[in-house]
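Attaching a single structure in C-alpha cells format; questions to follow.
Order as written gives the chain letters A, B and C; numbering starts at 1 within each chain.
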C-alpha cells in the first residue's frame, strides 16, 4: 500500500470494511455503454431474418464482387451473395459460439474447481494436475488438434473450447474458495452445524463468483476471436455458413480492389469485443472498490 | 535554550503541505516553522494524523503524488547556506531519512551491501570496490555483527532489528549532517527499540549528526531528544527544551499527552486516549484547533489566530497557558 | 542457492509434464476417425493389401504398444513420416522452424520496444491523459483479430509501397528481413496490449512502495532509479504473465503465417490440418507443446534471476 493510500485512509472518515458482501454501489457508466453495444449485437443476431435484406446463402455469380450500392450497402462477395446479409447472419454464429464458448467452460470449470477446493484430497489433486497438463499445451494448437480429431463444425469447436478453457475458471473459483473458507463467518456457519453443501451454496459461492463474473466478458471475447481465427484458417465453420472470420478470409484475395470485403467484418468484430471489454472493465471496477 | 550566534543547521519556515482530496484541498501541515542546531536532537510528537510524518517527508520532497509543498527551507551543513532550497535538492546531500517499516523500505532485489554502496557512490564518487568496503564499514558502525557476510545478504533474509540497522547504515551512506527519523522504532519490539535508540545516540555523539525524531511515544522522546515540538492538527503548538516541556507543559494538549501516559518512563506503547478524536483535515475548526477537546477552553479560544508566543525559554500557541499553572505533571 | 534449487526442481517437474503432453497428443490423434493405412493404399486396394500396410505401420498392435513405440521414436528424434508430403516430419519441421523463430524473434523485439516505454509512461502518468490514451489503444488492440490487422497492414503498407513481399520468406537475408517486418509488426500489435497492461500495473505497484522512497531520499538519480529499482522489481510479474500467454503468441504465429503466407511451422500445421496429414499434425502439435513448456521454464529462470525471494514451494 502506498503512502498516499495510508494518508488518505487516515484522513477519510472510516468506512466499514465490506470485505465480503459486494456493496450495492452504482455500476460504472462504462458497463451500461458496453451493455448497450452488446445488446444491439444480440438484437441483430436474434432478428437476423427480419433485418437482413437478402438470403445470406443466395448465390448470384453474375453479380459477384460488386461495389457498395443502395441495393447492396456493402457490396457482394465472390459468389454474388449480399455481404450485409451475411454479416447480419454471421452475428448468430459468432455470438452463439462466443457466449456458449465461455459459459460452458465456466460451468464445467467452476463446478470442478469448487468441488476440488471444498472437498480437497484426491479430487483437488486430480483436478489441479489435469489443469496443469492442459495448461502446458498451447491453447489454440490443442484446439486445432481437437477440432481436427472431432471433425469440423461448431459442436467440435464448442467441445474443444470447453476442454481447454475450464482451467481458468477452476483456478479462479478454487483460489476464491480457499481464501473465503478461512474467514470467520464460514467458521461460524460450520460451527453452527450447517452441512457442507449448504455452506458452499449459501455463503461461499455468491462471493467467490465475483471474480468469475469479472473474467467472463473477456472470455467471451476470446471465444469469439477464437472462432473467427479458426474459421479464417479454414478450420472453423464449414462453408457456406456465414461467419465474420471466414468472411475476412474470403475477402483477402480481393483486398486490392474490394478492400471492404475483409475490412468491414473486422470492424464488426472489434465493435463486439469493445462492448464486452467495457462491461468487463466496468464490473472489475465495481468489485474492486 | 541559550541564545547562540551560530547558524542553525536547518531552518524550516512556514512549511505547508497541500493535497487534493475528493475535489477539495486539504492542508495536513499548516504553517510549521522550526530550526535545528548542528548536533541537536529535536523530537516531534503528536497523535496519528497530526501531520508529523508529512512534515519530515516534505523537507526531502518525498510526498506522495498530488502533494504540494509551500514554505522556505534553509540548510547550512557547512558555513555556506543553501537558501530557499527546493526539497528535492536536499536528497542525498546532507539530509537523510529512516523510515518506520524496514521490511518494505529496502529494495528486495538488491543485496543490502549494494544498496548502501549506491548511497556511498552517490555522495562520494568512489569506485565499486571502494564503495563496497565503505558499505561494510557503515554496517559495522551500525552495529551489524559480521558485516562482510551480511552485506551480501538480501533484505528478506534479515530480522527486523537487523533491517533497521541496515536502514540506518543506508542513511549514513550519504554522510548526512541531519538525520530525519520517521517513527523508526514503532514497528520494533521493545528490546530492539532500546538498541536502536542507543545506536542513534551513539552515532550522534560520534558523527556530530543532528536528528529530528518523529514519534507518538513520549518516552522515546524523553530519552534521546534535547528539544521537543508538539504537533496537533497540522500545527506546532508547543516547542522547547525536552525536560522543561515534559515537566511543565504550557499547552493543554501537551499536558493531556503527558497525562495520558503517566508512566511514560516505562515506555508505554500507545498513548491512552485523550477523549475525542483529532479533527479531520477537511474541516479544521476555526481558531485553536484543540479547543473542542480542551477542558480549559474558553470562548476566545475559538477565534484565536495561531501564533507561537515566547514564554520563559519556550514557545506555546495557547493563549491561556495560565490554566496549567499549579499543575505540573 | 535457494533459487538454483528452485530452477532444478522446475526442470525435474518438466519431464513428467512432457510425457503427459506426448500422451495427450497421441490420444487425440487416436480418436481421429480415418485410417492412415487407407490413405496410403487408396480406396480401391484389397483388404489384404490394407492389412499388410497396417501391419507394417504397426497399426494392428495394441494401443499401449503403439504409444510406447511413439515415445521411443520421439526420444530418438523420429517424428514419423508424412505421406502427404513425402518427407519425414522431422525434416518438414527442420525446414519450417527457422522461419517461425525469425517471426517470433522480430515480433518480440518490436513488441518490447513499444510496450516497455508505453507501459512505464502509463504508470508514471497514471490516471492522467497519457495513461487513458494508452489504455484506450490497448483495449482496442486486444479486440482486433490479428489476421485482420495483418490484412489491414497489407492493404495500407505492403500494397501501396510494394516494399514488403507478401508470401514466402525469400532466399537472402535482406529478403528475409523484408518479408518478416510486416508479419512481425502484426504479431507485436497482438501482444503489446497485454504486456502494457501488466507492466503498467506492476510498475504502479513498485512506484508506490517504500523502498522507492528510501532510494529517493538517498538522492539516487532518476535514470538509475528507473533501471535498478523500478524496472528490476516490476519485471518479474510481467515476465510471468507474458510467459503464460505464450500459447497465444504461438497461435498468433500460426494465424499470421497463414495471412502472410510465410512458410513456418504455423502454416505447416494449418496445411497439415486441412490436408488431414496425421503424422504431420502430431509432429507439429508436439513441437508447439514442447516450445510452450520450454518458455515456461525460461520464464521461471528469468524470474529467479531477477527476484531473489523466489524459493522452493513448500
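Observations on the structure shown:
Criterion: contacts are C-beta pairs under 8 Å (C-beta built on N, C-alpha and C of every residue); 3 or more make two chains touch, one makes a residue touch a chain.
Given the structure is predicted, the values throughout are model-derived calculations rather than measurements.
Ranked by number of C-beta pairs in contact, the top chain pair is A-C.
Ranked by distance of CA centroids from chain A, the top chain is B. Rounded to a whole number, the gap between the C-alpha centres of chain B and chain C is 54 angstrom. As a whole-number value, the distance joining the C-alpha centres of chain A and chain C reads 22 Å. Multi-chain contact residues, meaning those touching two or more other chains, occur in chain A at positions 2-4. The set of chain C residues that touch two or more partner chains comprises 208-210, 213. Under the contact definition stated at the top, the residues of chain B that touch 2 or more other chains are 57, 64. Interface residues of chain C, counted against chain A in their complex, comprise 17, 20-21, 24-25, 28-29, 31-33, 139-140, 142-148, 151-152, 154-155, 159, 207-210, 213, 246-248, 250-251, 254-255, 258-259, 269-270, 273-274, 276, 281, 284-285, 288-289, 291-293, 296. Residues of chain B touching chain C in their complex: 57, 60-62, 64, 91-93, 96-97, 99, 101, 104-110, 118-119, 122-123, 154, 156, 167, 170-171, 173-174. Residues 208-211, 213-221, 224, 228-229, 232-233, 306-309 of chain C touch chain B in their complex. Put simply, chain A touches chain C in their complex at residues 1-5, 132-133, 136-142, 144-151, 221, 225, 228-229, 232-235, 245, 248-249, 251-252, 255-256, 259, 262-263, 265-266, 269-270, 272-274, 277, 281.
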